[in-house]
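The following pair of complexes shares a single chain, subunit A, combined with subunit B in the former and subunit C in the latter.
And then the complex of A and B:
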């Protein structure tokens, strides 16, 4: 069956135009396909803009370069946070949601018109907030803590954007209902879709929190409300701000599972375990907003401990489980593919030259080792005293949301280009190195920001030399060195980011058309199956033996324990306070 | 595969492998340990955040800080002209945050315990005591009372680490710590 010609047929009861994917046999609703494309393209555009802002920020924080003047620095930092964290991530997530519902379930997308409305609202809202920031009167950072005030259209843009995202999430749920009613799949939804459902459920909670806090703040900015409580604002704002990070985690873990399924043929070790791990995110995430309020006045210690640990550690448990089942599924699949010698042949012979796989694996490792461990340490009630609002915090979340989420999304792009855009990736050689370039850069900025933060360097700060301040303070020379290295690795990360954008945009416009004859080759290098040594029945059915994964997980666990207690040691050395 | 429906339709009955179960057990226990560490530190640790906080009108806080400063100022700081207040050991100490300064400067004695009162007159600020590295959030309208014991002598910076507008990076205060019975 040829790909280029669309057919009219029945998907899910109603006549819709669809094509059949030659690689997977899935029926792809053309309306869904267009929407996936539109959202992905918007995402990439905002990544470009926001990423360049990030570079400018990093170059300014490099003391020897100190690029921007102070007012521009705070403006650009506000824009950076908004464009990458909100716009890039959420547009891409909407694309992932449509993919995980309509495409993976071979279903038509519910109400494409509403989905376009959602897209439009998100664009208008996103642009409005950007305009507000660029006009210069809304340099309040993306957190916009009251009583610092931005222009009304700053908040209004965010609200429109959030409403758009909510409509998109509803379209996703609608599609699930249609697929189920009309039996476009058998049994339960695939694990990837299950992960996407997790993300979507949390997203509803997130957006509701956003509405609860942003609508009054908007009214306050135009003068209808006189006062907003500063602690309450933070509590609810982070109900959105933190939970949305769990949306990201659920989404990128789902993306990991999708990539390893397509590139090495991995299937979940146990459907039950992986699904339960996703479910833990839903159950135990909401209260994590508390760990942004660990050094705030007036909240009881019991409240802080309960909300950060009881709730948080069970969500952490979810991630720890995926941290084992994802490499485990790869190992099982690779052993089945025939790479069954020794402990690590499966890993050595993994398709490292396939950017989708390489990006996914780097994302997994860096999210776990850098982002996950630092996040738990940072969110420990007392340890937060020595890290709160230092540049350790951006160090941590560049490991989660950039090395983790962003890199995972970049990785799956290399599969979406041939499967959805039906174009062959141009410059396959450059594509091969792109995840490494970006990964190394981001690992660098995460580590050096964390290092500087441990030495007390403040986040969101224009000048750690205090050249124009009356009272000054000298940070240690190491702190300056770290901020310089951060600048250098920011350049590396930016090169990786720019390369990603050149490749994706170039591919969309100039890539060779993909059809049935070349679709499999277009997915990038795959592991050669060495059938002779192959082991049968790994994964959901049958027993398995995964020494490599156990070793990796043990190394991870030991690093975690060590680093955790090292930070308690640091804490014990500061002035006693109570 | 993860992009297809589960192979076994009744997937929730399948057996979980031992390796997976062991890891879940270890990870769960680790969570319990991390939880216990925080509780333990409240009982036996020396660095805990104070729960003592009061709603206060910024004007009232300003007035109290001014009274405190008037009463205990021992000198003007050499280069900056800021008043340096040296309260009696063990007493109440005030420091206010406003756009864009920490006021006044303080002189404390090593090994003595003080009740530090912190609040903001306008926006949120971040009290980041360097290089010892203690970081507290300061809100307008809330007075946070923190019991603090300096353990080393020297000159310490109070860097603002909550973004507070265009002068944020100029907002630095100072706490001097001297040996008991001595002065700077």
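And then the complex of A and C:
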């Protein structure tokens, strides 16, 4: 039984049913709400499947355990990348897009039927590719580089999934048009919606690149095309593979802004500055796809250096801006909330026992310190050489896409459950520790994979002892230690992941109903016992008095510079000149 | 422009929106930029270079 009032709005001749959210006052289109639920549920199911595959991979790479035989290892590794990076993330992102458009703009969703078609295509495609992988003849890894050939339905599933996602993105753009025409907002869209627009734009380029390369590859696997050039494949594939990660960045930064607006009432420090940072993403982030081809022959130094150095640094500048304005917005809001003593009271007294806030902050810190810094190192043409294709790379992207994106999505789930699913989170105590548990686990796997990579351990390698190889190689003992520690922290991360899934599934089925009387309390501990309009209104905080943030940012820069130069030093030691 | 005491609707009409804000308020212009720039600078430029690699004899 729905507690909130439902009303029918006839706008532009089309009937849509709305309810009014008791916490935010937003009008929520019930069709949009159902679609958000469906996409979020699908996301969580694939996170469960893909996360378990991840654990199996990590346990196999733990030399003392070495769980799976080699053929299973590569199969499970392929399934892991597919289910978490593609299915979990994209289903959740579609939910975020519908939320940031229809819900935040109090508008009806464009063409809910098409949105359901998109959902169906994504489900069918996702399942088809999973089946192909599990049948065992498509262990081509996530990147599916030609000339490795998977079964045709591996590619077909990916294509269907991508088409579905593209339709979802179009529904998002359509909803923006409706909101503007029906004047459901004034002036500019809220910043969170702007972040979602950024994500959606990058998604269009991502999906187009995917289609350009996967359709011929599908035809090749069926036998209609005889040859696909390997470097050309990599070039276009990474237009998708890299850009999709930038969809994630834009989406999770938008999610950060949403969470801090709801939990501490944070307004962006400056709408202008934050939007400019997103604009830098739109212009430059996708060019950095070239950093995956830094050791590929056939591409000129000009192409590489332009696309990685110049463009990549402009995009990184965008992230640096968000890296300062997000904590800055929290500081400004917390000082307004009365935590004005000293430099760090605002941070000490932040709602650390609210899983949405805690998860968001951990995501911010780990994305910046672990993922961001290592990303710049990997993206630098020269120092890339000492780390390319080592397990440092998965170390880096688990910091970005797991500690950053996944944790941010987990965090906002704790707000979506009461606001959209209208259920109170079961086990609030366990929910409180969940982001920490998952965060510690992921920090561990990122750091130890990076550590092992620095010692030269390869990625995607079943046996680092080379037990049955003709030419062998001895890694230092520390490398084995690192891979063991990686296994231990993988278990911790998995526990955090399982806890998240139990809590969300349990809440959807058994959580207490939320109504106007308990909705704000259901959002978890918050300094102000109300939801401010910050998440759906345009407007800046209007202060730059942020001593705590300036100190945090300085610490970040110092770490960044030191680590960057340490890697140049390593490089200089590779070819001694004496 | 003028911050004088105009009546509210009048004032809203008179505010000149900065060019950059107009750009950022136009999702389809942004979409155009966000697709064309990487297509030209990354994909097309890259493909042109690849097609110029001589074939092995």
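Convention: the second predicted complex is superposed on the first by the 550 of 578 C-alpha atoms of A that agree within 3 Å, B and C clash if a C-alpha of one lies under 4 Å from a C-alpha of the other, contacts with A are read in each partner's own complex, and residues count from 1 in each chain.
Throughout what follows, a contact is a pair of C-beta atoms (placed from the backbone, for glycine too) under 8 Å apart; a residue touches a chain by one contact, two chains touch by 3 or more.
If you're wondering where the values come from, they're calculated on a predicted model, not measured in any experiment.
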First (subunit B), second (subunit C), both or neither touched by A:342: neither
Subunit B versus subunit C as contact partner of A:69, first or second or both or neither: neither
Touching partner for A:136 - first (subunit B), second (subunit C), both, neither: neither
Contacts of A:382 with subunit B and subunit C, given as first, second, both or neither: first
Which of subunit B and subunit C A:301 touches, first, second, both or neither: first
Touching partner for A:267 - first (subunit B), second (subunit C), both, neither: first
Partner chain in contact with A:192 - subunit B first, subunit C second, else both or neither: first
Contacts of A:145 with subunit B and subunit C, given as first, second, both or neither: first
When both partners are placed on the shared chain, which of subunit B and subunit C touches more of subunit A: B
Contacts of A:390 with subunit B and subunit C, given as first, second, both or neither: first
Intersection of subunit A interface sets (partners subunit B, subunit C): 188-189, 231, 272, 275, 293, 298-300
Complex contacts: residues of subunit B adjacent to subunit A: 1-9, 11-12, 14, 16-17, 19-20, 23-24, 26-28, 30-32, 34-35, 37-39, 41-42, 45-51, 53, 80, 82, 101-102, 105, 118, 122-124, 126, 128-144, 146-152, 157, 159-166, 168-174
Subunit A contact footprint on subunit C (complex, rising order): 20-21, 23-25, 27-28, 30-31, 33-35, 37-39, 41-43, 45-47, 49-50, 53
Interfacial residue positions of subunit A with respect to subunit C in the complex: 173, 176, 188-189, 194, 197-198, 201-202, 204-205, 208-209, 229, 231-232, 235-236, 239, 243, 272, 275-276, 279, 282-284, 286-287, 289-290, 293, 298-300, 303, 306-307, 311
Residues on subunit A engaged by subunit B in the complex (per definition of touch): 24, 70-71, 74, 104, 139-141, 145, 147-148, 185-192, 230-231, 257-258, 260-262, 265-273, 275, 293-301, 304-305, 308-310, 313-314, 316-317, 320-321, 324-325, 328-329, 376, 380-382, 384-390, 455-456, 458-464, 466, 468-476, 540-541, 543-544, 546, 549-550, 553, 557, 560-561, 564, 568, 571-572, 574-578
